[in-house]
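Naming follows writing order (A, B and C), and every chain is counted from residue 1.
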Amino acid sequence: MDLIKLERIWKSFGSICALRNVSLNIKESEVLTIIGSNGSGKTTLLRILALLEKPDSGKYYFRGKLADESLRGKITLVPQKPVVFRGTVFYNTMYGLKVRGFKNAKEKVRGALKKVGLEGYEKRNAKLLSGGEQQRVAIARALAIEPEVLLLDEPTSNIDPNSIPAIEKLIRELVDDGMTVVVATHNLFQAKRISDRVVHLHEGKIYSVGSVRNVLEEPKNEVTRKFVLGELYY
Amino acid sequence: MILETATRTLELLTNPAVLDITLRSIRVSGVATILALVVGLPIAAALALLNFKGKEIIKSIFNALLGIPTVVLGLVLYILIAPNGVLGYLGLLYTELGISVGQMLLILPIIVSFVVNSIERVEREIRDLAYTLGATEFQTSLALLREAYSGVVLATIAAFNRAIAELGIALMIGGNVFVSGGRYNTRVLTTAMQMYVARGEIEVAIALGIILIAIVFSISLLSNSLQRCYGLDKT
Amino acid sequence: MLVFAVVSLSGCVEQKKVLTISTTTSLYDTGLLEEVIAPEFKKYSGIDVRFIAKGTGAAIQDAMRGAADVIFVHAPEKELEFMKAGYGVNRKVIAYNFFVIVGPPSDPAGIKGLSPIEAMKKIAKLGREGKIVWVSRGDMSGTNVKEIQLWKLAGFDYDKLKNEGWMHLTGSGMGKTLLYASNINAYTLSDTGTYLKYKKLIKLEELVSKGEELINIYSFIVVKNSKNFDAAMIMLRWLVSEDGQNLIAQFGKDEFGKSLFNPISKVDEKTREWIVKYGFFEDDGVKTECPKKFRLAANSLEFSEVKIQ
């Protein structure tokens, strides 16, 4: 059985239709990458998966059951713009554990920070970090609660190129350990490097779903082909 | 003229009566600010986080009250708290506490509006973040309030400065009482200034004004540097 | 709710132990009350006193609202109204001095040495001719009330007069008014105390200082429903005692060479007649400083009375 099943999801904001009739399956322990231009609906799709938005119509199943509140914390989203709480890196990373009542979180926090390459950053003021460092804190914060599904919206857009390989390696390791990771990105090269499967979302509709080969290297769909070749304006 | 005023100011700083008045100004407005925080923070939290009918109207009322003239408030309070008035039994007229309460009412809208505003600014993203990390509604509210901290600091500074610099309430409620060595004095920097101006002793008035401005400025500077130190000025 | 509790507790405690006296700014500004009366009375009786200097009208408001235990003012007509309205009792005259008409040293109106009424008439005449300016406080203070009285005796209606261009209204205290008049070389009415205090700051001179109409009478009236009635009576008795009267007599001698206030106990015959004329009220065949029906629990106090001829 697929981990997540989205059936005919529609979502509008006012007069703008963000998602049209989106149906998608997500397999357990895979890296699924959603590619598309800005405004294609990637963020909305992730937010619906994270239960931050409710679809106007359509169904969202998790392990065969309709998704509800209880999934919060099992599925977590790291937004595109890094948001940090006022306080130390430790406080931020520990937040998810704190709200569940974990008292001795020190080990988990240290582990999470190590994974994103921020060892020793515990006492630093989160608000004073660079954009890239904040993004990594956000990821560590999400990892600390050991979610089943990790949703990443443009995770490396703010990070300096030298640090990107480590993050991509991290994604691979997480999936090897059993996590399911969904990444939204408009960086096609990254998509090629990390994905098990790729979804092409354009103007709220899915035009392609499949392996890296079938979507990025030899796209079957005309629109996807234009996108990949850079002929779609965005 | 400038030299005279400068020497006057320095002389005055060592005058015990002036010291008494200055400390009283700080004390009275400080108490007012604390009272305003105690009353205002819960109100602000409720307005920012809860949803109820009339919420927008109440927010607009607080915004409108931001500009209330101190003489108007002072006069209304004088009528209410004079011993024969409706609230006369509280015994607040011509007391320091009376001035504090009056100033508290004056600055309450500042606290409420500032804090509501700073919560609302970060609300969406913090709410989403807390939600996605598994926080309950209550925990999310706490997180929001915690993020509003820099707004609270700014609000406190603005409120204190408004309180210590106002005249209408301190005059009408306090009465500018000053008996040397007396225990019931209510004279503060602003009421002293207006008295000296009325008497034509302009240099003394200016010197007191310099003291007042010095207080207001140094508190603002202190707040600014604290904020930068802790990165609170970055959203 | 907690706030209310804290507030009420501390408020209630404070109010009872201090005697609150509402008075006029001209009396207050001389420093007599703060510097001499309050500390000396405290030494004598152990009672704390505080003064609220607001102006005669505001002092009466305070008394009506229960915010004052005593009013200490210098506007006999208003004082009588105050007692008739049921607010005040046990009025006693404490001290007196004279108002003075001041003006530029060159005295363009030529009023020096004239009687007060003659001076006022001349001022109005020359004012209307555009040759001089008169400054009025226009604030219903004791001084302003006296000024209105003088205009009336001279045959003018103040309410109509104040709209004429040569009359400038400052709406503020005596000190400020003197400074203003000095700056524009105008004439004005002042009490002696304030004038002496400001003399070195201004270029105005005393032009008319003699004349019964210029008498300035300071009276102490106890607020009938005051919670500190007894303390007020103690102070009243002390003020009219030899000690109190001596303190008043001494005040200002060092600084200005002459006393700012004359104690009522040492008044001469002539001046006493004037005080009776302008500051006493008719009551059943006599003129008195306090009509019988406005005396309350004042057995050992003597209220001055003079038979009407």
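Keep this in mind: contacts are C-beta pairs under 8 Å (C-beta built on N, C-alpha and C of every residue); 3 or more make two chains touch, one makes a residue touch a chain.
Nothing here was measured: the structure is a model prediction, and the numbers come from that model.
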(request) Please find which chain has its CA centre nearest to the centre of all protein CA atoms in view. (result) B
(request) Please find the two chains that have the most C-beta pairs touching each other. (result) B-C
(message) Taking the mean of the CA coordinates per chain, how far is chain A from chain C in Å?
(response) 83
(message) Based only on mean CA positions, could you tell me how far chain B sits from chain C in angstrom?
(response) 37
(message) Taking the mean of the CA coordinates per chain, how far is chain A from chain B in Å?
(response) 46
(message) Which positions in chain C are in touch with at least two other chains?
(response) none
(request) Quick one: which bits of chain B touch chain C in the complex? Just the residue numbers, please. (result) 35, 38-39, 79, 82-85, 88-95, 97-98, 101, 175-185, 197-200
(request) Would you tell me which residues of chain B are touching chain A in their complex? (result) 125-126, 128-136, 139, 143, 146-147, 149-150, 230-232, 234
(request) State the interface residues of chain A toward chain B in the complex, per the touch definition above. (result) 47, 50-52, 72-73, 75-77, 79, 81, 83, 85-86, 95-96, 99-100, 125, 127-128, 141-142, 145
(message) Under the definition above, what is the set of chain C residues touching chain B in their complex?
(response) 2-3, 7-8, 10-15, 18, 20, 25, 29, 34-35, 38-39, 48-54, 62, 64-67, 172-173, 175-176, 178-179, 198, 201, 227
